[in-house]
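Before anything else, here is the set of structures, which you'll find just below.
You will see two complexes here that share chain A, one where it goes with chain B and one where it goes with chain C.
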Partner chain A sequence: MADQTVHPSLKPGTEDIRFFLNDREVVGKKGETIITVAAREGVYIPHYCWHPSLSVAGNCRLCLVEVHLPDPRNPDAPAKPAPKPVIGCQTPISNGLRVYTESKVAQECQQGMMEFLLVNHPLDCPICDRGGECQLQRYSMEYGAGHTRMADEKRKFHKPQADPLIDIERNRCIMCTRCVRFNDEVGGEHVMGVFDRGEGNYIGTFGQGPVSNILSGNIIDICPVGCLTSRPFRFKARVWELAQTQSTSIWDASGAKVTHWTRNRKLMRTTPPSRKAHDRYTVNEDTEEFIDNITRFGSDFGLHADRWDESRIRIGGTLIPGAFVEAVRQAAGSLAKTKVNHGADSIAVLVSPRATMEEGFLAAKFARTVIGNDNVDWRMSFATAASADAASLAFQHADGDLNDGFSAVVLVNGDYLHQVPTFAMRVKEYARLNNKPVIMIGHHHDAYFSKCAGRRQYGCRPAETSRALELLSLAIKGDAAGNGELAKIFSVAESEVASLVDLLKGVAGKALLIQSLEDMNGAYLPSEVPAALTLKAALGATWKYIPVLRDRNAFGLYAVGAQPGRLPGSEEAVRKAWKINEKAQIPTAGGQHARDLVAAIEEGRIKGLLALGADVLYSYPDQDRLLAALEKLETFVVSDLFNSEITRRATVFFAAASNLERDGVMADLEGNLARLKDVDGPTGGARPDWETLTGIATMMGSTAFAYESVEDVFNEMIRLVAPGFRGSFTGLELAGPANDHSVQDPGGARRRTPAYNPGDYRVDGAHLRWSSEPFAGAIPAVAAEAPAAAGQFLLTWGEHVQGDDYHLNHASIAHLLKAKPYVEVHPADAATLALEDGKRAVLTVGTESIEVTARVRKGPAQGTLYFPAGLGGLKLTGLGESLTAGLQPALETELASV
Partner chain B sequence: MIFELLKGLNIAAHHMVRYMAGPGNVTVEYPEVKREQPPFFRGRHRLQRYKDGLERCVGCALCAAVCPSEAIYLEAAENTPEHRVSAGERYAEVYQIHLLRCIFCGFCEEACPENAIIMGPSFELAMSKRTDFIADKGDMLDAPEKGFGDYHEYDPYISHVTAESDKKAKADPWDKSHAAGH
Partner chain C sequence: MPVLAHRRDEIERLCAKYPSRRSALLPLLWMVQEQEGWVSQDSMREVADIIGCTAAEVYEVVSFYTMYNQKPTGRHHIQLCHTLACAICGSAEAGEYIKNKYGFTHGKSMSDDGRFSIVEVECIGACSNAPAMLVGETLYGDLTPESIDSILGAHA
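Now for the complex of A and B:
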């Protein structure tokens, strides 16, 4: 394949080119290809191998068009037909060109190519899962000849079992190589290839291994035919039987939009947003809004057998199912009793980081008005209260948006691909395709970015990251005194530091500073965030900041004030909206941090707990300690989906609505809002959390909770949180079958369907922004690192979306979605250990040891190891201290015994 | 007027005498005697089999898609080498026709790519319970000995992953059996 790593549509020039498309004069930019301009102009050119997110391969030849070329010496003469038709996906436009996409020549080409592609195609549509949404079927109808001249036996391949999630049926492949290019370019791993030649040409994975990366499921959608189909969805239903709901992922904090496909309200599959073609919504094989495998295959946890779908009340030691109203009365009664007996400060409210903004808002309001304290929080997974506060400081200064593009990006720490997969993908693809500098600083670098040519890595020990950022900001401000120290921290030459400073100073236009809020033992984040903000201030106003946290709605919950010390808006506005009179105090201080909640319960300071979602409690690393503490509570009201260790300890249990059963709004890392949409209301006796909270508050005597619908809650919330927001609740819905009137109403004016227009499916939501002054605070010092024993490595860790997760554990194919434990090793360390990439090794932390796969890459800094916490059941409960670990290559005999 | 009356009576009398006990009579002694139906009669549905007992239906749901009264419900599943039900990769695990909704239009029969569902000659559709009108596979499947054709007649390919086929695919992904005149 030619060196086509950049697809032309992304590199258009600025010069206007005028040419004719089916005799209509259109304007494009120099460097654009015929197919991209045609798509923009609403002229559909059939294509298989061309994909807007991938490089141009030009191998399916279905996009052949007839062109007439003007005579360069005599521009006034009529254009002459080119000797041969050209492919629209690779041919750049030029002045005066006349393109015919529906002429006789073009039609003959299309028919010929279709016949050629169908020569060996099995045409087993009745048993093919792509049937009904297949491009081969569609083009056969629209562009094919309608009959076959093929009388011989068709070619057949044996079928391999390569991937547990993706079914590969080579007989149906049309060799467009979209899947190969997707894995190479977007997925970042060269795992698939085209093998053999001529008639024996087939698609496959190297070594028949799985297509293992976290974005691999997208090749199912972009494969235009039924060669790659979803194994979990295999034969479950025909696509035309499925109802679609446009919603958003509850896993991916990048805010990925999705379509849930349901049959009889049961989730069958999840894909990127569907597109409209021929007045129907169908899977979008040209999608650019890719989703990760957890969102795609894990969203069905609401169907788990452990689901409790009716409220329960503890009577004499057992949880007895009861009516919702009864449970509300019980919960209100016992919370009121606890409040009277032990004071308002003895009650705390916890919110799941996957709660919607409305739910978080109501929890904040409930704590502030009904309970009368500041004890509301969602940040239980942080190692210390100080690092949770550092994360909030980061959100306070967040102002970046990826949609604006960037001319350079600085990444501070982070395992982005495994925490916020599609956000990482967008950053990486933008940097790679536009050749922008990617500067990675800190103790862990994401190897996913290694395909970016403009990559520069500066590794350091965790304890030195904040010092490095501080020195860098000094150097940018012109104080080069620290360059020597910086060079030492990064283990590079001083000239290298100078060139980095020059590079950063020379960045023109918008640029991004992205920081991971992964806090490990909590010792470093409290100084890393101020250090990064100092760097941002030094770099200037064109630099925007995006803090990255894995929790889906972290930014939204911060915005609505579901945490101590923060109100959803100005105190005045809140006082008015919540009908609090002038004299009464709104509690905004001294709130209980979720992180210290367990200790507070153990000490008897907290007696009553209201938790919206048990997953927030599950994120506490020491579950045994947590469960013991829950036993001590006088009142433990929890609203959750499942029968679990945590919910079995409840005094009142509310059956919550799952991700497919509730409605609301979530914010992503960039502050864009996306609508979580219910399919058809909750199942059984389940109720969405806003109803539960409204019920309890009203029962406890509040009059400020008079909501009829979740939209009422949204309206009150958005006026406080984003007063400038001009949209509406329904306006945040994605265009889809449920709210597209050109489909619903046959008499209504029908839009002409643009064949490809991703803009249709993107909602530019409100940006949650706070006018942030440049940060001028102090950077707390970090305790010096204790020297590690010989042969020991400093352990760094972070969360992983495929790790131990309350909701993921209940997904139907959780066992296939969980990642196998691995450890990242720096190449220099691997060399001393005689460890190769992909080999097994034994990781020992304290007294525990597990077998892991070694991944040798420039991820962790030299002398440190990176381990995604929660994989393989290794508990890192010794939080608050630094950990060291030993790593040994696994011996063959050990391997055999495992 | 009298003349017309007598003429009519004459026809009636003629038929009465002619068909009283003769072999060509119009009525039959149902239910002891059942009338033969014309070949394209659209009666109760039957699901056919191949000679070797495999079901013809591959659970493609085209019949359900075409059915104007939404009388057909089916859920498909995947055949395994241990549990092979149909000739393709897929078979109908649940196949139901709601006979009270069905209007016997025959579209399902026409849509079926496998000649699996046909409308049989049976017109006996009286049942005592509403639930009995939901015919499932057990009610509709032909007895195995009734099967016709063998399943090689249906052969885009049969591509299952078995330990053996996986081994073959790893060694040589290309199935050249047809080249040797399979």
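Now for the complex of A and C:
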């Protein structure tokens, strides 16, 4: 395997090197390879095994180029041809080198290599699923001989059915090992390998197991040939028949951008925005163009059989389909009636965390102007209202951007890979390739970062995280009195704490403090967030802060004021935009927190509910209690996609537009905007939520909802939220920077992409008037942890993107996308339990138990277990309080039956 | 079932010889093979855990070297040379004789009683006594049907 720590294209020196590329003098940096400079200079060198995001393997030999070397003793003499051609991907440039990429020798090499690669490759492109977007096919046309001299029988492999999502057809493999390197370097584990040798060489997984990580689908894209193909998409369509729509993921809060490939409005597949990830040819590009498996395979939930695509009105006991206008009238009527009967404060508005910023903005405006209260929220899954407020405090201080790079990163808690997959991937790849320190503090550490050489882990009990951060900030400010306590919390020597403090103090340049708001539903956030912000203030102005929440548009909804106590802009601006006269009050206080909504309904304080998306209600941990509460509502208007337990309790149901049918903007963790783009409008009687809200508001007498398109909403919203925004709504349609020059659409026409300046589309703290002052608040104390009974472990958890999820449950292959339940155990605890990594065990929480796979790793602290909530159907209904759990190895007899 | 659990001290001494534990991969696999006669998937997982890599990485190595047996062997493992010198001097006939005697066929390389298993190998460096074979670790040359009978007869 190639050197995995140094990526030549990402590790250039500073010294200039002058050399000649096809007789043109060019300048590169010392340490750069021929192919990276050529890519930058617009000279195309064909390649298979080289990939800008992966280490250099140098085994396909297609990038062979002719080089002439200068005589070091006589620099004035003409350069002499090297005895053999060299590979462009691994050969560093040197002064005076003359490189010929299109000479006779180079062309003969390319042709010869193509012939070798095709010796065993079947020549049956018409029946191959990759046909039309295959690099082998393309190079065959451009660089191949056009005929074959191979007369013998070709090598054939049996075909394993190893992975439910990825099809491996080894006969087509050209042994570029991109998939092996991807899993090893980016995916996090060396699960694929090159087996056997010589002619018998093949790629596969150990014991023909699945390629089980959340990023595995990307190997389909980076495979240059038809060896690895998507099983759900296989033979469903030809790529040139499909229309492409640039959009964004609704699962991944990292803001992953995607392309939806549709035929007759039906989603066929989802890929990263670069239409041909396998054919990327740009330099120093980071790994942003990889997406997680949920986004890739789960985006088709709008096609589920349970979809209701007509509005429904409750008449008697049943929901009767009706016209949209009728439903609007009904909803407006019932909400007005509830308002008159029980007062404005009896109505609450809920917004899905996957709603667009426009939808959140309208919901906020609707509550403040039409209903006349502050009851609008999206934060239902938090442990308490206080933790939801702590998350808002975190957002208020968010100022980090991963695109700026970092010289060190501190990660507080978090199962990042399974909460924000591509964000975690970008952090890890940057740290790994640039050898930056990764410091993990808290009760759970993500094992995904274990490949980073500069990794340091400091584990503690959940209740101690905030104290640890507080002591650390004191130590950084020079007060070493707490070092002893800190060493005790981390169970390390005091010298180790001192070295951590020195490391943090010595960080020069930009650095990131990243905190997960997800763990244990944020039970400890009220003290953890102030503690993290105190640490950030102590570390100094070069440290930036990124809070991490799994909810896709959490940041955007916070920005547009879709939560109590927050307006989308200054009161003056809002008053002007919303046409509220100066005497009237804009309600910004006393709002109903979503987390306490169920209690408020039970107590009869809330009588009417308008929910944009049932998924927000589904995120409430205790579903039985929620459903009982919904029955008590006088008015329950819900706009959603599906016939579900929740929507069946509606008084008025609006058929919402799915992720492929609506348009709008979402913000990611770093405040960057991405456009969610509709493919071709909603199906049947479905309507996007902005139309529904506009309709209801207008019907209830408001004149401030005169929007003709979602762009109107965007324009009003963005002027309030980010007055400095320089881009445009249509500009956001470009899902990302214009891609490489070499890629052509399958149809043949080169797509012209207008200039895209990422800076234009960034909503940062300055635009939003967020606090740039260092945090100086108090850190609330945490209640001491109750000692666990003998044999019991303290249970920690975090939501897992592959777990129970309202939308994911409706994806066509949801059963393949859901992760199998597992529990992470500290090695010391595993030794006591006689439990080995990968063995089955029984996890017992209260009266419920579930069979899980034990993963032995130093993720959770000793004495605690980490369980990804939502896996395997184990209900953790007591969320927010500390839970204890028992763990026993599964019996041998059970083992045999697995 | 872990097969190296009782040899932890020996393993640690071995790993200490190298700058990185991963370097102990080949000798560890030899340990497994000497003890068990072959390297099973379970033992590959075990070795992976010992040296801190994935089972796929171990299997990459095991499948690369033909001298690691990936299938169980008999009590006595016969390695019959079929390289040039032995081939000229009749290793094919010797092989045929052994195969008929113990019922080996293509795809069945172990006798029913588990006494012998056979594999054809490249040169074992005994060209002067071709045709030659190894039974376990002992070299036998100048094979004839009679000598094969007596050699194999002596291995119970």
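To be clear about the criterion, the second predicted complex is superposed on the first by the 836 of 898 C-alpha atoms of A that agree within 3 Å, B and C clash if a C-alpha of one lies under 4 Å from a C-alpha of the other, contacts with A are read in each partner's own complex, and residues count from 1 in each chain.
Here is the rule we go by: a contact is a pair of C-beta atoms (placed from the backbone, for glycine too) under 8 Å apart; a residue touches a chain by one contact, two chains touch by 3 or more.
Being a predicted model, the structure only gives us computed values, none of them experimental.
S.K.: Given the touch rule stated above, what does A:205 touch, chain B (first), chain C (second), both, or neither?
M.R.: After superposition on chain A, A:205 lies in contact with chain C alone.
S.K.: Have a look at where A:837 lands relative to chain B and chain C in the superposition and call it first, second, both or neither.
M.R.: Second partner only.
S.K.: In the superposed arrangement, which partner chain does A:402 touch: chain B (first), chain C (second), both, or neither?
M.R.: Neither partner.
S.K.: Quick one: is A:122 in contact with chain B, with chain C, with both, or with neither? Answer first, second, both or neither.
M.R.: After superposition on chain A, A:122 lies in contact with chain B alone.
S.K.: Is A:131 touching the first partner chain B, the second partner chain C, both, or neither of them?
M.R.: Only chain B; A:131 stays clear of chain C.
S.K.: Given the touch rule stated above, what does A:156 touch, chain B (first), chain C (second), both, or neither?
M.R.: Only chain B is touched by A:156; chain C is not.
S.K.: For A:191, is the partner it touches chain B (first), chain C (second), both, or none of the two (neither)?
M.R.: A:191: touches chain C, not chain B.
S.K.: Classify the contacts of A:235 with the two partner chains as first (chain B alone), second (chain C alone), both, or neither.
M.R.: first
S.K.: In the superposed model, does chain B or chain C contact more residues of chain A?
M.R.: Answer, by number of touched residues of chain A: B.
S.K.: Just to be sure I read the superposition right, which of the two partners does A:794 touch: chain B = first, chain C = second, or both, or neither?
M.R.: neither
S.K.: Shared contact residues on chain A, chain B side and chain C side combined as an intersection?
M.R.: Residues 195-196 of chain A touch both chain B and chain C.
S.K.: Quick check on the complex: what are the chain A residues that touch chain C?
M.R.: Touching chain C from chain A are residues 189-197, 205-207, 837-838.
S.K.: Please give the residue numbers of chain A that touch chain B in the complex, ascending.
M.R.: Against chain B, the touching part of chain A is residues 122-127, 131, 153-161, 169-171, 195-196, 200, 202, 204, 208, 234-238, 240-241.
S.K.: Residue numbers of chain C touching chain A in their complex, please.
M.R.: Listed in rising order, the residues are 41, 44-45, 49, 53-60, 63-64.
S.K.: Help me check something: in the complex, which residues belonging to chain B touch chain A?
M.R.: 58-62, 64-65, 75-78, 88-90, 113-114, 156-157, 159-161, 165-166, 168-170, 172-175, 177-178, 182
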